[in-house]
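Each of the next two complexes has subunit A plus one other chain: subunit B in the first, subunit C in the second.
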Partner chain A sequence: MRFLAEILLSGLAIGAIYGIIAIGFAVIYKTTGLVNFAQGEIAMIVAYIAWTISTTLSGNVFVVTGGALVAAVLLGLVIERVVMRPMLGEPVFSTVMVTIALAVILRSSINFIWDAYPQALNLGVGRDIVRVGAVGMRTGQIAVIVMLLALLAGFWLFFRYSRYGIAMRAVAGDDRTALLMGISTGRVHAVAWAASAAISGIAGIFFAITYDVSPAMYEIGLKSFPATILGGLDAVIGSGFGGLLIGVAENLAGGYLGSGTKEIAGFAMIIVILMVRPFGLFGQRDIERV
Partner chain B sequence: MGRPAGTRRLVTAIGPALAPAAEPRAALMAPPSEPVLEFRNMRVVYDNAIEAVRDVSLAVPERGVVALLGSNGAGKSTLLKAMSGLLYTEEGVLENGSVLFRGEEVHRLSPDELVRRGIVQVPEGRRVFVALTVDENLQMGGFAKPQAAARRKLDQVFSLFPRLAERRGQIAGYMSGGEQQMLAIGRALMSEPVVLALDEPSLGLAPLVIDRIYEVIARLRDEFALTVLLVEQNAHRALGIADYGYILENGRIVLDGPAADLMGSEDVREFYLGVSKEGAKSLRDVKHYKRRKRWLS
Partner chain C sequence: MRSGTYKETYGELIALTDSRLVWFWGAALMVVLAAAPYLVNAYVLSLMTIMLITVVGALGLNILTGYTGLISLGHVGFLVSGAYGYAVVVSRWGLPPLAGFVAAGVVPAALSLVVGAPSLRLRGLYLAITTLAFAFIIDNLILQAGPLTNGARGITVERPDMLGLSFASDAAFSHLCLAAAILTLFGTLNLRRSRIGRALVAIRDNDIAARAMGINLNAYKLLAFVTSAFVTGIAGALYGINLSYVSVEGFPFLLSIEALAILIVGGLGSPLGAILGTIFIMLLPEVTGSLLRLFGTQAEALFSTGAQELKSTLYGLVIILFLRFEPGGLVRIWHDVRRLWVHWPLRF
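Presenting the complex of A and B:
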């Protein structure tokens, strides 16, 4: 029983990280209709930037996260302006290929700029153990779950009530008509990329605090992708919960079926679920009037 | 209601059936009193190859309703895209000519800047945001305006379309075609347009619903003091409300004049209104007509 509880809780904690990155996927998909395969790489770069700030400037948790998030926003804006904007109007397939190329480039840049060894991001927080019932958890793991829930609530409100949030949905639905309404689609896309990069950065920093920064960190992006497929690519809230599901499923498989199955559990799960619900658990069907 | 002195033009435009026009068309296009919106000698080319519109000039006077008629593919929507700065989204380029708004060239402005200045269109096929609610659709219409102004405008739109007020929370994609058309018009009004262009507002709607839409257009002119550019295939409806009309064929304006004159013109009656003294025309006559028109323009 205690084993199960441990598996569930740590599954939720890693699942929350997947969920946060999955939100990043969904925000971009919802606004631009694209899947950004560089999401995990962005998380990794931001974590490395946080680590660099912590080792050179200051180890203060606020300075480090604040600085890294500003860098994440800038990174998102630069990617949108330099790489994605010229692809506007090109076929979706080509554009998604561009994000894959971007992913590979960002992944390799780690080795140029930093080095290939794992590093600990020590901000003096998040590594203490607290007891939840009979199970020990790191405070960072609890914080990331809380963070996921906060982001979910925030985004739900944003897309529902804020002008920019509604504009993002409008641009996703019909960008040309949005232009006719005086909505600058370029600006809306830029906001989506910046927000998505910042969200991924948050996940990256949490991952680095709880575990390490390493050049293999981009793999959390690969794990988060099934989360967003599972929840529905256009469903921000669904993607977040999809992350939790994938995290728990992975840990259950790893704990009970053997560690080899851990890597494939998430993908096995999306095969089954997409057969039943091709739009994902919370995804929206296209509206057709009957 | 500055009606352009177009009777003479109409006569010279139809006259050539008997005698060739003495003056070239461009010379006839001297604008009447300062129009709000003006197209001057516009030529639009898509993909560097396809000429969609050639040498089109058109003027919309303040608070007037001008009808732009023509069949499918005549270039009507191309003109509206040029007006709203959207040609680039379809690899189109305004190679020649200009769009003037209150005497100022505006064809190089961005789409959002054009909306902010008051040049707004209701696109063909309504194009409401199907996944958004009625309220959210309207809010998007007022996106370029400060929020307080948008809220004031919302009351006005709801008074014009009480039906939209009843269905505020409804997802727009599930509404009927007529309701969507009203939503599309309401959404455009949210941005406080000076010139409102409507692209085939009667398309695909039942006759009774079309009646309602045209009542609204009349109210937009009378109560909202809007200047309306009405793009239609439905010539009878459009000329019934317009002051002045232009007929576009194969990317050129082949005929223009006061709406009443166009209504009375033999050519228009036969080929756009489907009314003929001798009953149905044979294909041979149509060919003859086309040949004549080509020579004319």
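Presenting the complex of A and C:
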């Protein structure tokens, strides 16, 4: 019983990280209609920036996260302006390939700028153990679950009530009509990229605090794919909860079926989900007009 | 100056080429390539062999991505399963190499049915994600199936000895690869001009219209998947033999990206493009390496420690730059140059 509780809780914690990144996927998909394959790489770069700030400038939690998030927003804006904006209006194949190429470049840039060894991001927080029932959890793991819930609530309110959120939904629905209504689609895309980079940055920093930063960290991006597919690529809230489900499922598979299964549990789920409900649990079904 | 060409029969329309010059120069190129192993040094020969193998793989992916327009990030999965198909049958079971090559094609083709079937309902993005998932699952399955595949230790493979010929020497093996590349080239060229090829291109250009014209989307998409996986599997077997050692680490995910980079740089959907793209992409790290060497020892150290990273950065950059500035790829540039050559000083 205790084993099960441990698996469930640590699954929720890692699932929350997947969920946060999945929200990042969904924000970009919802506004620009493309899947950003470089999401995990952005999370990794932001975590590395946070680590650099913590070792060179100051180890204060707020300085580090604040600085890293500013860097994340800038990174998102630069990527959108330099790489994605010129591809506007190109076929999906081209834009998807561009994000894949971007992922490959960012992934290898780690080895040029930093090095290939794992580093610990030590901010003096998040590594203490607290007892939840009979199980010990790190405070960072609890904080990330709370963060996910806060982000979900925030985005729900943002998309529902804020002017910009409604503009984003309009662009997602039909960008040409949105343009005619006086919405600057270019700016909406830029905001989506910046927000999504910041969100993945948050996930990256949480991952770095609870585990460590390493050049293999981009894999959290790949592992968040199942989350966003399960929730629905265009469903921000669904993607977040999808993350929790995938985290738990992955840990259950790892705990009861062997560690090799843990690595591929999510990917196996992708194939099953896409067979049964290609638009996800909460996503909108595409209806195509001929 | 050549004037316009007029085609009078369907046969002329779908002929591979209407020009004797193309046949002549093609044959001359074959003679040169066949003689090259005896003339060049070992390094150039190894580069040539790996290029010929890559051409086979790129043409395989071209059937799926270029003709049918389905993105696959999982072709490294077909490559590795082809290599294991060969290695298990030949090295572990001791069957003849010819049976190994059959297995190298059939195993990935069977697997492609498993990946292909669910992805029939999916388009663009989703397909990229399922095939990506497949690449990871297949690596894991190989590691798990220890008794069959030797797990993480991998399998040693020898150069084959078949059809009464020995392919043990470097020159002979490169001839085998050349034969495979030529067979694949003519196979895909002929596929393109058959009923099947036209159906695949119709699906790529507009699947709804294709369906309305009576093309069975599911059957043809699966066919594209199976054919592409079969060809890629053969390339994987050759790749494994060339490495002389088949393991999961020998087939990094970067190979999938490399194959897509080849198609994009060369020009999607064109076998000639796949060949030009292969030459470009395979020479790119070499040329960059020698350029860096000009900048002195520090740059050279960067090249030797970060060779893999440098390679992926270059692939990423050429993909982005070509998609942005020349989506038609090298084959378009080649056609433009040829048109300029023939029609100059007229513009058209």
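Note that in this section the second predicted complex is superposed on the first by the 285 of 290 C-alpha atoms of A that agree within 3 Å, B and C clash if a C-alpha of one lies under 4 Å from a C-alpha of the other, contacts with A are read in each partner's own complex, and residues count from 1 in each chain.
What we mean here is this: a residue touches a chain if its C-beta (ideal position, glycine included) is under 8 Å from a C-beta of that chain, and two chains touch if they have at least 3 such contacts.
Quick caveat: nothing in here was measured; it's all calculated off a predicted structure.
Trainee: Answer with clash or fit: subunit B and subunit C placed together on subunit A by superposition.
Mentor: The answer is fit.
Trainee: Let me test your reading of the model: by the given contact rule, A:Leu222 touches which partner, first (subunit B), second (subunit C), both or neither?
Mentor: second
Trainee: When the two structures are overlaid on chain A, which partner does A:Gly89 contact: first (subunit B), second (subunit C), both, or neither?
Mentor: first
Trainee: From the CA centre of subunit A, what is the angle out to the CA centres of subunit B and subunit C, nearest 10°?
Mentor: 80
Trainee: Classify the contacts of A:Thr55 with the two partner chains as first (subunit B alone), second (subunit C alone), both, or neither.
Mentor: Touch status of A:Thr55: no partner.
Trainee: If we overlay the two complexes on their shared chain A, which of subunit B and subunit C does A:Arg107 touch? Say first, second, both or neither.
Mentor: Second partner only, subunit C.
Trainee: Touch test for A:Ile271: subunit B only (first), subunit C only (second), both, or neither?
Mentor: Once the two structures are laid over each other on A, A:Ile271 reaches subunit C alone.
Trainee: Just checking: does A:Arg169 make contact with subunit B only, subunit C only, both, or neither of them? Give me first, second, both or neither.
Mentor: The answer is first: A:Arg169 touches subunit B but not subunit C.
Trainee: Of the two partners subunit B and subunit C, indicate the one touching more residues belonging to subunit A.
Mentor: Larger number of subunit A residues touched: C.
Trainee: So in the superposed three-chain picture, is A:Glu263 touching just subunit B, just subunit C, both, or none of them (first/second/both/neither)?
Mentor: After superposing on A, A:Glu263 lies in contact with subunit C but is clear of subunit B.
Trainee: Can you give the closest approach of subunit B to subunit C, taken over C-alpha atoms and in whole Å, for the superposition?
Mentor: Between subunit B and subunit C, the minimum C-alpha distance equals 14 Å.
Trainee: Once the two structures are fitted together, what part of subunit A is touched by subunit B and by subunit C alike?
Mentor: 288
Trainee: What does subunit A use to touch subunit C in their complex?
Mentor: Per the stated touch rule, the residues are 34-35, 37, 83, 86-87, 90, 92-94, 96-98, 100-105, 107-109, 111-112, 222, 225-226, 229, 233, 260, 263-264, 267-268, 270-271, 274-275, 278, 288, 290.
Trainee: Under the touch definition given earlier, write down the residues of subunit C that touch subunit A in their complex.
Mentor: 69, 71, 73, 115, 118-119, 121-122, 124-126, 128-130, 132-134, 136-137, 140, 143-144, 208, 254, 257, 260-261, 264, 302, 306, 308-310, 312-313, 315-317, 319-320, 323-324, 327
Trainee: What does subunit B use to touch subunit A in their complex?
Mentor: Against subunit A, subunit B makes touches at 84, 86, 89, 110-112, 114-116, 120-121, 123, 127, 129-132, 136, 139-141, 143-144, 147, 171, 173-175, 187, 191.
Trainee: Mind pulling up the subunit A residues that touch subunit B in the complex?
Mentor: 89, 163, 166-167, 169-170, 173-174, 176-184, 284, 287-289
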